[in-house]
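Next up is a structure, given as structure tokens.
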Amino acid sequence: MNDSQSSKDVQETASDTARRVAEWMYENDAATQAFGMRVEHVAPGYARLRMTVRPDMLNGHGTCHGGMIFTLADSAFAFACNSGNALTVAQSCDIDFVNPAREGDDLIATCEERYHRGRSGIYDTVVKTADDTPVAFFRGKSRTIGGPLVEDAPRQ
Amino acid sequence: MNDSQSSKDVQETASDTARRVAEWMYENDAATQAFGMRVEHVAPGYARLRMTVRPDMLNGHGTCHGGMIFTLADSAFAFACNSGNALTVAQSCDIDFVNPAREGDDLIATCEERYHRGRSGIYDTVVKTADDTPVAFFRGKSRTIGGPLVEDAPRQ
Amino acid sequence: MNDSQSSKDVQETASDTARRVAEWMYENDAATQAFGMRVEHVAPGYARLRMTVRPDMLNGHGTCHGGMIFTLADSAFAFACNSGNALTVAQSCDIDFVNPAREGDDLIATCEERYHRGRSGIYDTVVKTADDTPVAFFRGKSRTIGGPLVEDAPRQ
Amino acid sequence: MNDSQSSKDVQETASDTARRVAEWMYENDAATQAFGMRVEHVAPGYARLRMTVRPDMLNGHGTCHGGMIFTLADSAFAFACNSGNALTVAQSCDIDFVNPAREGDDLIATCEERYHRGRSGIYDTVVKTADDTPVAFFRGKSRTIGGPLVEDAPRQ
């Protein structure tokens, strides 16, 4: 690390790092892109993603497959728990489905950190439709297993 | 319902019904098809599905997105908990990720009923690679909310 | 129901009902009393309970038994989800233990409603020590199965 | 460690170690004793415990407090996940309550290891009444954090 980079690290805020990590993750995350998810906002320990329910996301009952709702919630969790620029993965997740989502629905997943200490974290994602109807409540538990995702950004 | 159909119903075993429901569900389940899942075996309260990890299923860490693993486990759960020909949905699910899956891995999800009474059920899905490495342990809780999926098959 | 009672019902606020239900529940809840729990505050969809870790609550590792921490969190959940004066029970609960509790620790469990519609609810309890160290994060899912707990109070 | 001890270690089976660890744990576990739990059987990755529902274990609805059912399931989990003689604690637990338990019921909790690798494990406990009615399904995730519980027994 050279001097100019070091001084840049010091100046970069946690919010800036969260945004840079999110950009890097999104570019490299084929699944999140394949589902047409948009990262609307990221901040330290926080992420909000949006996904429109497509015909190929419906299950045999004609509603959005629970796996697609989970994937959206889990992606929001991934962006939130990696926002500090340390490689972090999901250990376990719980999801409660409270209302079905339908084709064309715009789903918004908002993830917030509940707890973080050392390598362990707990994050809650709520998935709602655009008219604010709750679809699912998700809780993810994370484990930090590695170093920086964006090499020239600080670990926050 | 005519007489011949009625007598057919009586003769149809729970295993036959499970297979017919699975065929009907698969034909109508766009998401399960879109992921290239194959239904390998269904029986009353049981389903085994297979899915190959594609490049568009990878996350920003280069491993299979947890949402894809969940979706496979959840589809196996759906086939198992609907096998009695009564419309049944997921209420809540827990998943533990124990090993990453990689591009090209053949994932096999095996779901078994643990408990069933009235409208409520508990099902366990294990996801493994073809060489028997466990990838995820999933527990789904179901709620029966409606009538038959296949109109001319009995409710088992 | 006579006229004076009816008019009383109309005037009773949801907060008053929550308190009356909590008093009734506490008087009838042998387990919550046996653990020395104190109900510090109740409100609609909310409860805060306190319990001091006693020597007979320790496990084989010399720390507070996870079952005691769960019991405190679950009691807070029970007071919160019954606060509307309709008999409600726990369907399922998840708990994450993040720090051990020790003999003499004063544990405070705060439960808040996350979601409620019809007969189903989702409630989050956080258990902390008196110096604000998180001990456990608990999520409970409730199901309303019956009528009023306090006969002469309204269902809120 | 002297020679005679070393040769003893080699000869001691995993089943013998599980029993010795269980005896040690039970003697030191005030909570498990206070609830009158009996350890009926232990083996590597396995434990079966029994508890009779006492009047002081009832909740405000007159049935066994969910916390007591959890505590029994959690104790069975503790005996099972420590059976290899390495200090192991619960990280998180999920429980589903499927039938109420009543005063005088003899509850039997049977815990089995589902997965174990390195420091992480997944264990399932089923709690039933003596007449085989399921009361609760519990899944515990463990983390090994230390050395032997019984100093002169091997780590299995």
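Letters A, B, C and D mark the chains as written, and numbering starts fresh at 1 in each.
Rule of thumb we're sticking to: a residue touches a chain if its C-beta (ideal position, glycine included) is under 8 Å from a C-beta of that chain, and two chains touch if they have at least 3 such contacts.
Because the structure is predicted, anything quoted here is derived from the model rather than measured.
J.: Once the contact rule is applied, which chains count as partners of both chain C and chain D?
T.: The common neighbours are A, B.
J.: With contacts counted as defined, which of the two, B-C or A-B, has more C-beta pairs across the interface?
T.: So, comparing the two chain pairs, more contacts are at A-B.
J.: Which one of the chains is farthest from chain A, going by Cα centres?
T.: Result for the farthest chain: D.
J.: If you average the Cα atoms of chain B and of chain C to get two centres, how far apart are those centres in Å?
T.: Chain B and chain C have C-alpha centres separated by 36 Å.
J.: As a quick test, compute the distance in whole Å between the mean CA positions of chain A and chain C.
T.: 32
J.: Could you put a whole-Å number on the gap between the CA centroids of chain A and chain B?
T.: Chain centres of chain A and chain B, defined by C-alpha means, are spaced 26 Å apart.
J.: Would you pick out the residues of chain D that each touch at least 2 other chains?
T.: Where chain D meets two or more other chains at a single residue, that happens at 92, 94, 96, 141.
J.: Work through the pairs of chains, note which ones touch, and then classify the graph as line, ring, star, complete or other.
T.: Its topology is that of a complete graph.
J.: Show which residues of chain A lie in contact with chain B when the two form their complex.
T.: My answer: residues 24-26, 28-32, 34, 55-62, 65-68, 70-72, 74-75, 78, 82, 87, 89-97, 100, 149.
J.: Using the touch definition up top, name the residues of chain B that touch chain C in the complex.
T.: Result: residues 92, 94, 141 of chain B touch chain C.
J.: Which residues of chain D touch chain B once you look at their complex with the stated criterion?
T.: Against chain B, the touching part of chain D is residues 94, 96, 98, 114-115, 117, 120, 122, 124, 134, 137, 139, 141.
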